[in-house]
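Read through the structure below, which is laid out as structure tokens, and then see the notes.
Order of writing sets the labels: A, B, C, D and E. Residues in every chain begin at 1.
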Amino acid sequence: MNEVTAFWILAAIAVIGALFAIRKRNLVHGVFSLLVFFAGLAGLFLLLLAEFIAVVQILVYAGAVGILILFAIMLTDRVTGKDAFRVTSRGSFWGTIIAASVFLVLLLPTIQEIPQVDNPSNSEEIVKQSTVKALGKKLIHPYVITLEILALLLTAALIGAVTAAQGGHPAKKKISIE
Amino acid sequence: MNWELIKDILLATVPLLVIFPTMFALTTWVERKALARIQNRIGPNKVGVPMSRYGGKLSLFGLGQPAADGIKMLFKENIVPTGADRLFHLLAPILSLIPAMLVLCFLPLNFPWLTDEQNSVKAFMLDGAVIFFFAITGLNTLAVFMAGWASRNKYSLLGGMRAIAQMVSYEIPLVLSAVVVVMTVGSLNAGEIAKSQDGWNWFVFSPWGLAAFIIFFIASLAETNRSPFDLPEAESEIIAGYFTEYSGFKFALFFLGEYIAMFAISGLAVTLFLGAGDGPGAEAYPSLKVIWFLAKICVLIGIMIWLRGTLPRLRVDQLMSFAWKFLMPLSILNIFITGFAWHAENNNEEYGFTIKAIIWTASLLILYLTAKGLDKVNRANIKPRTYQYGE
Amino acid sequence: MSQPIDHEAIIQRFSGSEWDDKFCALIVPLSEATALAKWLRDDNDFLLDYCSNVTGIDYLDREIKEKVENEEGKMETVTRIDPSRIEVVYHLYSMEKHTGPFTIKQLTERNNPEVQSLTPIWRSCELQEREIFDLFGVNFIAHPDQRRILMWDEFEGHPMRKDYVEPFDYEWEPTPHDEILDKHQRGKVIV
Amino acid sequence: MGPHHPSTHGVFRMDVKLDGETVVDLKPVFGYLHRNHEKIAENISYLASMPFTDRLDYFNSMTNNWAYAIAAEKLVEIEVPERAEYLRVIMAELTRLVNHISLVGFFVNDLGALGTPLLYAFREREKILDLFEQASGARMMCNYLRFGGLRCDVPEGWLKRARDLVDRFPKFLDEYEQLLCENEIILSRTQGVGTLSRDLAISAGVTGPMLRASGVNYDIRKVDQYGIYNRFKFRVPYSENNVGDCYDRFMIRMLEMRESIEILKQALDGIEEGPVMGNAGKVFKPKPAEAYGRIESPKGELGFYLVADGTPKPYRFRVRPPSFINLTVLRDMCIGQQVADAVIILGSIDIVLGEVDR
Amino acid sequence: MNLLGAGILKGMAVTLKNFIGSYFDKERLNTLEYMWQNDKSLPKRAGDYPKEEGEQLRPTTTVTNYSRNFPMLLHDDGEPMDTIRCVACQICERECPPQCIYIEKSDDKKERPGGKPQFYPATFDIDVSVCMSCQICVEVCPFDAIVMNSQFELSTPDRFNGLLLKRGDLLKSNQYYHKIHPEEAADRDKRIADDKAAKEAKKKAAEAAKEAKKKAAEAKAKSEAEANSKEESKDPSEPPQTSTEHNKEENTE
């Protein structure tokens, strides 16, 4: 019984967090409610005994992405505070319709797919499969190529970001040192 | 609600909530006394039990000081600056305390009064303990930013930004040096790492283990804003960094959060490198493990206090270049060396003593030379100078 | 001790300046000040590249009794009116040749004093000239940023002048010290 | 950085314009401690303004007294007895030790070393201040020198106590150098910060250890040879080829302390019995004249310019404060540096607000 | 080539040596513990502090027998007001740099042991909040009447009149002076004794010279010389200004 109550609580937290993230006027408040949403999600993963994914969720999303967005807010001026520009919600009617349809498209297949969990006993092998060692083995053997490509992609993105931040040519950076 | 489960959980977590805050109170006293003694003064000895009837005062070496600080913090008026947004101003110290406390329960402190079954409850996150540890300490950065942002004054904002930059860039060497240990043990859960180091083969005794420990210790200093890296609260430049605007109990919460984070990280250092709970009498009386574990944590805390009494502060850009250009390449190199050494040890048969000696000395040499080279590259023209004497 | 600097050479070159032997200082007119200063600094037998001290002195009209050799060689005191003026005194040293103090003075009258600023030549005069402007009210021509240095900006008057009258002290509080001060002010001239 | 910022040495404000962390513009603001010492001196007698000179640079009161005494002795030719000259040199060098160890302590404290070196320095300073108290009666405000000698002789046994303090001092200095001089963090934080070129230093009238750190071999003890400094053999450390940054200033002061110990040893050997006060009359009433006396105070060239008009009160009493004039170059050194460096550069200039604001 | 972190390790070795040293080595730990007492026992006026025998409110160890704090008036042994040394000549009031001494001369003269009747100060106040203990008054006083005390606990809750020390509070005996500044007191007494001896010798020499002059006058013109020499010796009967020129030659020693 307490798993179900735990599920409902965590789901409520996640939904409220997401709603606040959208409605909040002050951007920083929005980001923090987004983080609450991520934490709620991590809780849900824990309930599914997929602890590694829950941990990665907190590490990557709550830890890194949250900070990234905060840095972005801090470094671009005129985003928060009094003179922040207002987003006019002119097309809000059509917006909601499109959003609802996308939601439906996603929701229907997931509803049919839910497996009928008749005996909770086989949760042991679920736990066994999702251990870190098993994931590690899978990542290396079958998916090693995708892992390499992903790594290359990420480093390229990193280098691109650094040069963009420097304004293209490193010469400019030298002047600011003296 | 099955009371059995709740009883187990309480049995596992309440001792933590009791032991570590009292150790926090003691550490503040020890720190002030030790710093005082380093600086040749006496340290707090005025607070004590006021024995008004006998006129004098039982000073008991200032042990009343932590209690007095606690009470003082409780009754101090807590000021919230008008410009600050009140919700986050209140939330920041709490958010800085939660990760520190949460992380404590994953340390392999096997209390003697706990049966194995209860132990499993505590180490629920049996598998991802170490990664969970780093994920949670990442949240601390958020708390610092929230404090800096919410108090709306230029010093705390500057302090907040410095703190984030420092924590983010020192998390990488922290994680990479932990990878070394996880690689050799082959599992992420703290209990197994502790078990694999029983009988004195602690990780710190192997060359790559020692290098990883040093990197881990330096990075943990930066992670908890201690001594050479206490830039966010640099009094001489930006008054008190991100907790300038905090007073009263919220300041005490920050203080508590910082110290518990210090315990947590040195606890992890002890688990990973110094053989958690393993000591001379550990096999005979398993209950000794807890005492050994806490003793090792106190040694690490002592070193942190000693560093605080000696070293000046680094500048922001030196802090960054030290993390990215010195610690990170060194820890990556260390991972390669460990991989190579582990491979040499496990996959070929005639792994006699001579090959082991060769590998050990080779790795020690490589590590030291790259460290010297990196240091020379980073600080090319920084060396003591000579002076002339005119008549 | 460092040997005294001979001043005849300077007087031939700069006709306007004359040597005041009593206080062994060179009185420099406003017009030639910059030229003389630059020459003193760059000429290699002076090399006075370090201006150690810049002082303002405020003289009021006062008669001085001096013993003066009159005709038949007998010392007798004659009273002379010393004209009122503000002197700006510069003590110059040479760091290369370790030579001793060489004093040059600029005189101006008291009502709206105007003196040539020597900061472009010696940077050390910058703060000291600002202090003289603040406390004496001497206006320095060509001073880089001439504003009050010690007093707060809204302060009127120049405290170091001899005829400066203190404004009413609105923060006055009764203290036992007062009768001591009144007693001293009540005409008891300190001998 | 307002007047009550923790790391400005006293009430001193710096208007710092920042772009991120680097300093774009810096305007020092003085005057918070201004009490117009020169106007006070014009209303009291010569002797009465001697205790006021202690309040100028309250770290080294003996050298302030000596500068004023030299200026007054130039006004009226007074002959100073042997023993008084020796004691003056001993007191001045002891003050130089006090000033340099406290300065190094404050400087490293600004770097963030939480007071450990500062408290070592103050532990040694206490011993020297006890000597001053036994000689003059007060620890910091000694008011000990008079025109033509000293107020009273040192108590017997004082010279022996001074002697073994001087013998113990090098042991402390080695310990101090071992703690500070090779520390990598201090090296990397102070080298290349706040550089002062040689000719800017000369033209800006910078004097004392700062000038010698920028490469000019100019020490007034050697140039003017005032007092009996020509009898002692000592060297003046200066940095010929270095760039004159915070590290040089810090090292020059450490080396100067060693030289001061040499002078103290020679002076304590050479002193003999004898009168301490010259034949100055009770009322000091000089004929109308001008005199500019200057000495090498631990902070730089401290000068007194006295204009006498025959009455027992000076007509004009001008103090040439070293730290006030050393501040002209603060702005040039801080532009382009970080905020943390601006604080250290101010620390390395070694200002005392009693002297800056007078 | 030195070890990588050598500088830092050496620095830490120094702090360790100090840490251990501060427990044993007297040289390192010279901070004295100030005796703590609650401050209800704080007197209302600076003058109410214990007067005699140098006993401080709290047994402090920091006062050495050289340190000087605020001035005090001296009186020789015996009843204070009879043997007070101060003659209210107001030189110290004039010379005091911050001008914190206030003297009102008494109108009647008081007999002094072994000396001429002198004035005495009716009121003699020192404003302790203004005095900067610079010892100028002790130097300029020709009668050694004012010397520096070494009591520094004078704090009072009242800022206005609490810090004004009246004559009664300032007056201390000569033994007390010997007790707090033994060396200085000994020198001062020796100097006074020498001056007195020198004055006696001079007076004797003056009388001898006077007798010799008298004898010579008698020998020359016995009758009229005696008549007028008798009045001439009577009228310079010590007018007061002799005391000022007395102190003139007193201080040119």
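In this section, contacts are C-beta pairs under 8 Å (C-beta built on N, C-alpha and C of every residue); 3 or more make two chains touch, one makes a residue touch a chain.
As the structure is a prediction and not an experimental result, all values here were calculated from the model.
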item	value
Co-neighbours of chain B and chain A - touch as defined	none
Fewest hops from chain A to chain E - one hop per pair of touching chains	2
Chain at maximum distance from chain C, centres defined as averaged CA atoms	A
Maximum centroid distance from chain E, chain identifier (CA atoms)	A
Chain at the geometric heart of the assembly (C-alpha centres)	D
Chain pair with the greatest number of C-beta contact pairs	B-D
Rounded Å distance, chain C centre to chain D centre (Cα mean)	25
Whole-Å gap separating chain B and chain D, where each centre is the average of the chain's CA atoms	44
Centre distance in Å when chain A and chain D are each reduced to the mean of their C-alpha atoms	62
In chain E, residues with contacts to at least two other chains	8, 11, 14-15, 18, 28, 30
Residues of chain A touching at least two other chains	none
Numbers and ranges of chain C residues touching at least 2 other chains	190-191
Complete list of chain pairs which touch one another	A-B, B-D, B-E, C-D, C-E, D-E
Touching residues on chain A, where the partner in the complex is chain B	2, 26, 28-29, 32, 35, 51-52, 55-56, 58-59, 62-64, 66-67, 70-71, 74, 131-133
Chain D contact footprint on chain E (complex, rising order)	2, 5-8, 10-11, 13-15, 17-18, 27-28, 30, 64, 66-68, 95-97, 132-136, 139-140, 148, 183-184, 251-252
Residue ranges of chain B touching chain D (in the complex, touch as defined)	35, 38-41, 158, 228, 230, 234-239, 308-318, 379, 381-385, 387-391
Touching residues (chain side chain E, partner chain C) in the complex	93-94, 99-102, 125, 127, 129-130, 160-161, 163-164
Residue ranges of chain E in contact with chain B within the complex	1, 4, 8, 11-12, 14-16, 18-19, 21-23, 28-31, 33, 36
